[in-house]
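In the two complexes below, chain A is the common chain; its partner is chain B in one and chain C in the other.
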Partner chain A sequence: MTQMTDTTLDLARQHANARIRKARINAAIRYVVLGIVGLVMLYPLIWLVGASFKTNSEIFANPGFLPQNPTADGYIEGWKTSTPYTFGTFFLNSFKIIVPKVIGTVISCTFVAYGFARFDFPFKKILFGSVIAILLLPNVVTRIPQYILFRDLGWLDSFLPLWVPSALAGDAFFVFMLVQFLRAIPGDMEEAARVDGANSWQTLVFIVVPMLAPALISVALFQFMWTMNDFLGPLIYISSVDKYPVSLALKLSIDTTEAFAWNRILAMSVLTITPALAVFFAAQKYFIEGISAGGIKG
Partner chain B sequence: MARLQLHNLEKTYGNGFRAVHGINLDIEEGEFMVFVGPSGCAKSTTLRMIAGLEEISGGEVRIGDRIVNDLQPGKRHIAMVFQNYALYPHMKVRSNLSFGLRLAGVPKAERAKAVDEVARILEIEPLLDRLPKQLSGGQAQRVALGRALIKKPEVFLFDEPLSNLDAKLRASMRVRITDLHRRLKAEGKASTVVYVTHDQTEAMTMGDRICVMQSGHIMQVATPKVLYDQPANLFVASFIGSPEMNLIDGSLNGNTFTTATQQVELPPHLLGRLSSYPKKAVLGIRPQHLRLATTGLTATLKNVEFMGHEVYLYANLDGTDVVCVASTAEFDAMDRSADHLTLQPDPAHMHIFDRESGANVSLPQGAA
Partner chain C sequence: MTARRMLGLGYLAPYIAGLLVFTMVPFLASLYLSFTDYNLMSAPVWTGLQNYIDLFTSDRTFRRSLTVTLIYVFTTVPLKLAFALFIAYILNYRLRGINFFRTAFYVPSILGGSIAIAVLWRYIFATDGLVNMGLTAMGFEAVNWFGDPGNALFTITLLRCWQFGSAMVIFLAALQSIDKSLYEAAAIDGASKLHSFIFITIPLLTPVIFFNLIMQMVQAFQEFNGPYIITGGGPLKSTYLLPLYIYDEAFKRFDMGYASAIAWVLFVIIMVLTLVAFWSSKKWVFYAGDKRS
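Moving on to the complex of A and B:
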C-alpha cells in the first residue's frame, strides 16, 4: 500500500516537474521573440546614439553601432553650430514655447472640459459639436487663415502664435480627452463636496483636479512631446535665427554646411530627443494610467 | 436640530416629465423619517431636492424657519450619506472627514478634535490614515457616515446608504445607525433624519415614521405599526409586509364579501367602520392572519415553502393567488393528501379596499 502511494506521489511529482519545465521553456521562447522584435524596433535609436560618437567618415564606413574610436567631437562641434548661437540658445527657445504652452494647455483644457462635462448651459451641444468638428479638421486647412490672423496681430517672428492658442484650450483633442475622462468619473464625489460646502471652483480644485491627475499628466506629456517635435509651426512663424527652437536648428545645420557633418547632426538629434524621453520615462506610470483609465470605472 | 417641511414640492424635468407631484410633508425635530418605495418612485429625487443637488420646480423646502429653495447645499445645514459612499479617493480618511470643516474655515486644532471624536464614536480610529481604496465596504460606509456626522448638521440625509453592503453587514449597520440616532437624541444632539431606502425591512426597523411613495406621490405617512396594521390603500397594503398581503377581488353584499364562488361573513366591527360601500371591493388579509381551519374559504394548494419555524402555503382562491403562513405544527397536523386548503380569515385583521380608488374604506375612525 505504502509502496503504491509512493509510486503515485512520484508520478504526480514527475508531472508537476514536467509542467514547470514546459512553462519555463515557453517563457524563454516568448522572451527571446520579444527581445528580437524589441531590438529590431530600437535598433535605429541605438544606432543613432552609437553613430553620434563616431567620426564623420566612420558613419558611412562602419555599419555597426559601436564606434571604433569614440569621440565627443560631434557633440562639441554640433553644440557650437554654424551660427553665432550655441545649441543652448535653441534649447532655451524651445522651452520658452513649451513651458507656457504645457501649463496653459493643462489649465485651460481642465476648465473647458469641466464645463462641458458637468454643467448645463445654453448651446452646449452645438459648442461641443464644434469642438469635435475642430478635432476632425485637418491642421493644414487652418494654416493660412491663422497666419493672416497672427500677422495682423503683429505676432510674426515671436513665440506667441506657437503657444497662445493652445494655452486658451485651442487643442480640441485635449479638451475631448479630458471630457471623456471626466464623464467616466461618477459625479457623487463632487456632489458630496457641494454638500460639504464647496463651490464650483473649490470642487474643481480640491476634488476634480486630483481625480483627473493621470489624465492631466498625459495631456502635459503629449503636449510636451508634440511641441518639442513640432517643425512646421516654428518654420512658418519664426524667421530670426536667434529665436529658432531645436527642431528648426537641426535643419539649420543641414542647410548651411556644404559637406554635411553627419556626426554633429546625429549628436544634436540625440540631445533633441533626450528631454522628451526623460520626461516620458519619468511619468510613464501616470501616462499609461491616464490613457487607459478612461474606460475603467473607479 | 430642526424641523423639515416640504410644501407642495414639485419636480418637472426639462423634457416635461413630472417626477414629483406637489408633495406635502412635515418632519418633526429629531425625527427619523424613512422614504420608501419601489424604484422610480422619486424618493431619491425628493431627497436630492432637500439636499439642494436637484433644482426645485415648484413648492418649497423649509429647514427650521428658513426657506432653503435657493440656498447652495453647503449653506443648508445638512449632511448627506451617499449610496456608493462618495469618499474623496485621493484624500486619507482623516482629510475626508475634515474636508467640510476645512472649507468652513474651522481652525486646524478644532478640526483634529472633531475628527477624533467622530472616529471614536464610529470606531474608525485605526483607519484615519488610510486611503478610501484601502477600506472595506463597511468601513467606507462608516467613514461616509462620519463625514456627515462631523458637521453636526440640522438634517441628515441618507440615500440608500446600506444597499451596497452584504446582508449581514447591512443588518449590523442598520442597528448602528438607529442606535447612534437614539443615543444622540438622548443627549439632545440628534438631527432630523431623512433616510431613503427601497428595503422595507430597513424602513420598518429604523423609521420613527415611514413615508411610502409611488410615482411621485405620497401614499401614506405613518409609524411602522400603523402602516402595517392600517394601510391606507392597496399600494401600501401590498408594499409593506412580507409575504405580501392577500388581496382578493369580490363584491360586498349586505354583511358578506362575495368572491366568484364563495362568501365570507364580515364582522360587525368592520362593517361599522366602512366609510363607503364600494361596488367592486377587495378583501385584504395578511398571510399571517389567514388560518388553516375546517370551515371557511376553499383554495387549491399549489406550492409549499418550508422556512424552518413556519411554512408558506401558496394557493389559488377563485383565480387569485393567496399565501397563508402556517406554523410548522399546523402544517404537520394538516391533511397532506388533499390538494385543497380551507382558510379562515382572522376577523380582527380584515381590510376592505375600494378597487376603483384603491383606498382602504375600513380604517378605524380617526386613523390616517
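Moving on to the complex of A and C:
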C-alpha cells in the first residue's frame, strides 16, 4: 500500500518537475526573444546618444556606443545654430505653442465630454457620430481650406492656427477617450451633489474633474508629446525663423549644416527628444492607461 | 427639463463651433476647390472635372505617387500589426520584468513621429551608417538603402513598424482580459498551443485587430514626416507618398485646386477602405456575448 502511494507520489512529482521545467524553458525563450527585439529596437536610440558626443569623423566609423574622443562640440556648436537665434529660442517657441494648446485641450475636452456623458439633448447621436467621424477623417482633406481660412483671418505666421482648433475640442480622440472614461464612472456622486443643490457647473468642477483627473493627465501628456513632435502644422503656418519650434529648427539645421557637421544635428536631435522622453518616463503609467482605455494612434 | 437639455448643448458649444468652422466648412470647401483652378492670388475659377481628368489621364507623378502610397500602406500596416501582436503574445505571460519590456517597446511610439527620429533614420541607413556597419560586421554586403527605389521605401516602412508599441499595448490589454479557463478547457480537450491561438485567441482579439487596422491604415495613408525628412520623396519618386505630393502642390506651387483634388482622391480611397473594413467586420469580428455565431 505504502509502496504504491510512493510510486504515485513519485510520478506526480516527476510530472510537476517536468511542468516546471517546461515553464522555465518557455519563460527563457520569451526572455531571449524580448531581449533581442528590445536591443535591436532601442540600440539606434542608444547609439544616437553616444554619437552625439563623437567627433564628425567617428560618427560614420564607429558603430559602438562609447565615443573614442568624447566631445561636447556637437552640443555647443549645434545650440548656436546657423541663424541669429539659439536653440533656446526654439525650445521656448515650442513651449509657447504647447502650453496654451494643452490647457485649451484639457478644458474644452472636459466640457464636451461632460456634456456627452451626462446630458441628453437634441441631435446627441449625430453629434457623437461626428466625433467618431472626425476621429477617422484624414486631416489632409481639410488642411488646404483651413490654411486659406487662417490666411484670411490674418493668423498666418502666428501660433493661433496651432492653438485655436485644439481649444475648441478639435482633437476628437481626446473627447472620445474622456467620454469613455466618464461613462465608466457611475453618476451617483453627481446626483447626490445635485440633490444638495449644486448646479451642473459646480458638479463638474468639484465632483467630475477630480474623478477625471487621471484621464485628464493622460490627455495633457499625449497632447504635449504630439505637439512636441508636430512638424507639418508649424511647417505650413510658421514662416519666420524667430517663431520656429524645435521641429522646424532641426529641419533647418539639416538643410544648412548637413555637409560637414553631423554631430551638431545628432546632438540637437537628442535635445529635442529629451522633453518627451522625460515626461514619458516620469508618467508612463498614464500613457499606458490612456492607450488601453481609449485605444490610440501612434 | 428643457433647461437641462439646453445645458448639455451649452457644454458642447466649443465643440460645435470647432466642428463647423474647422471641419465641416473646410471639408466642403476642399470638395469645391477640387473642381476649381485656384492659386490664392485671384478668385477660384470653376473648371469642373478638369483636375480629376488631369490626375487620371496625364499626370504620371500622381500615378507613381498613388502606387507608392498603396504599396507603402499595404506592407506597413500588416507588418506592424503582426509584429505588435507577436510581441504582445510573448509578453502575455507571467514574466518578471514584463513592465520593463512593455515600457521599452513603447518608447519608439513616443518619439517615432518626431523629426529627430527621421534624422536618426537618415544616419543609420546611410551608406556608411549604423545598419550597414552591422551588416558588414556580420559578413553581409552593405546595402544602398537610399539609392535604390525599392530599398528606400522599405526604410520608411521600417520607421513606422518600429513604432509598434501603441498597437502592442492595446493587443496586450486585450490578451490579458481573455478568460484563462477557455485555454484550460481547450487543453483538456487536447488542443495544441497553436490551435488555442487560432481558435480562441484570434477570434477574441478580432475587435481590437479591427480597431488597430482602421486606425493604422488611416494614419499610414497620411505619413509625411518620414519621407519628407529621410528621402525627400526620392530616389525616382519611390517614396513620394501622396501627402508629400499634396503638400508640394498646395504649399510650394500654390495650386490649391489641384492639391484639393489629390486630397479628395486620397480621402475617397481611405473612406472606401474604411467602409469595406466596417462592412466586412460583420463577417469576421467576433464580439464576446454576441449570440449569433
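Following the convention adopted for this analysis, the second predicted complex is superposed on the first by the 246 of 298 C-alpha atoms of A that agree within 3 Å, B and C clash if a C-alpha of one lies under 4 Å from a C-alpha of the other, contacts with A are read in each partner's own complex, and residues count from 1 in each chain.
Going forward, a contact is a pair of C-beta atoms (placed from the backbone, for glycine too) under 8 Å apart; a residue touches a chain by one contact, two chains touch by 3 or more.
These numbers were taken from a predicted model, which means no experiment stands behind them.
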| item | value |
| --- | --- |
| Simultaneous placement of chain C and chain B on chain A, clash or fit | fit |
| Touching partner for A:I254 - first (chain B), second (chain C), both, neither | second |
| Which superposed partner A:A192 touches (first chain B, second chain C, both, neither) | first |
| First, second, both or neither for A:Q202, with chain B first and chain C second | first |
| Chain B versus chain C as contact partner of A:P210, first or second or both or neither | first |
| Chain B versus chain C as contact partner of A:N17, first or second or both or neither | neither |
| Partner chain in contact with A:S239 - chain B first, chain C second, else both or neither | neither |
| Per-residue contact with chain A, leading partner among chain C and chain B | C |
| Which superposed partner A:V37 touches (first chain B, second chain C, both, neither) | second |
| Per-pair minimum CA distance [chain C against chain B, superposed on A] in Å | 7 |
| Doubly contacted chain A residues - partners chain C and chain B | 298 |
| Residues of chain C that touch chain A when the two form their complex | 4-19, 21-23, 25-27, 29-30, 33, 40, 87, 90-91, 93, 95, 101-117, 119-120, 123-124, 126, 128-130, 133-134, 137, 162-163, 165-166, 169-170, 173, 208, 211-212, 214-215, 218-219, 221-222, 224-225, 228-229, 243, 246-247, 250-251, 256, 259-260, 263-264, 266-267, 270, 274 |
| Sites on chain B touched by chain A in the complex | 51-53, 72-75, 78-80, 82, 84, 86-91, 99-100, 103-104, 147, 151 |
| Partner chain B, residues of chain A touching it in the complex | 186, 188-189, 191-199, 202, 206-207, 210-211, 213, 298 |
| Complex contact set, residues of chain A against chain C | 26-27, 30-31, 33-34, 37-38, 41-42, 44-45, 47-48, 51, 59-61, 63, 108, 111-112, 114-116, 118-122, 124, 127, 130-131, 134, 136-149, 151, 164-165, 167-170, 175, 200, 225-226, 228-229, 231-232, 236, 247, 250-251, 254, 262, 265-266, 268-270, 272-273, 276-277, 280-281, 284, 287-288, 291-292, 295-298 |
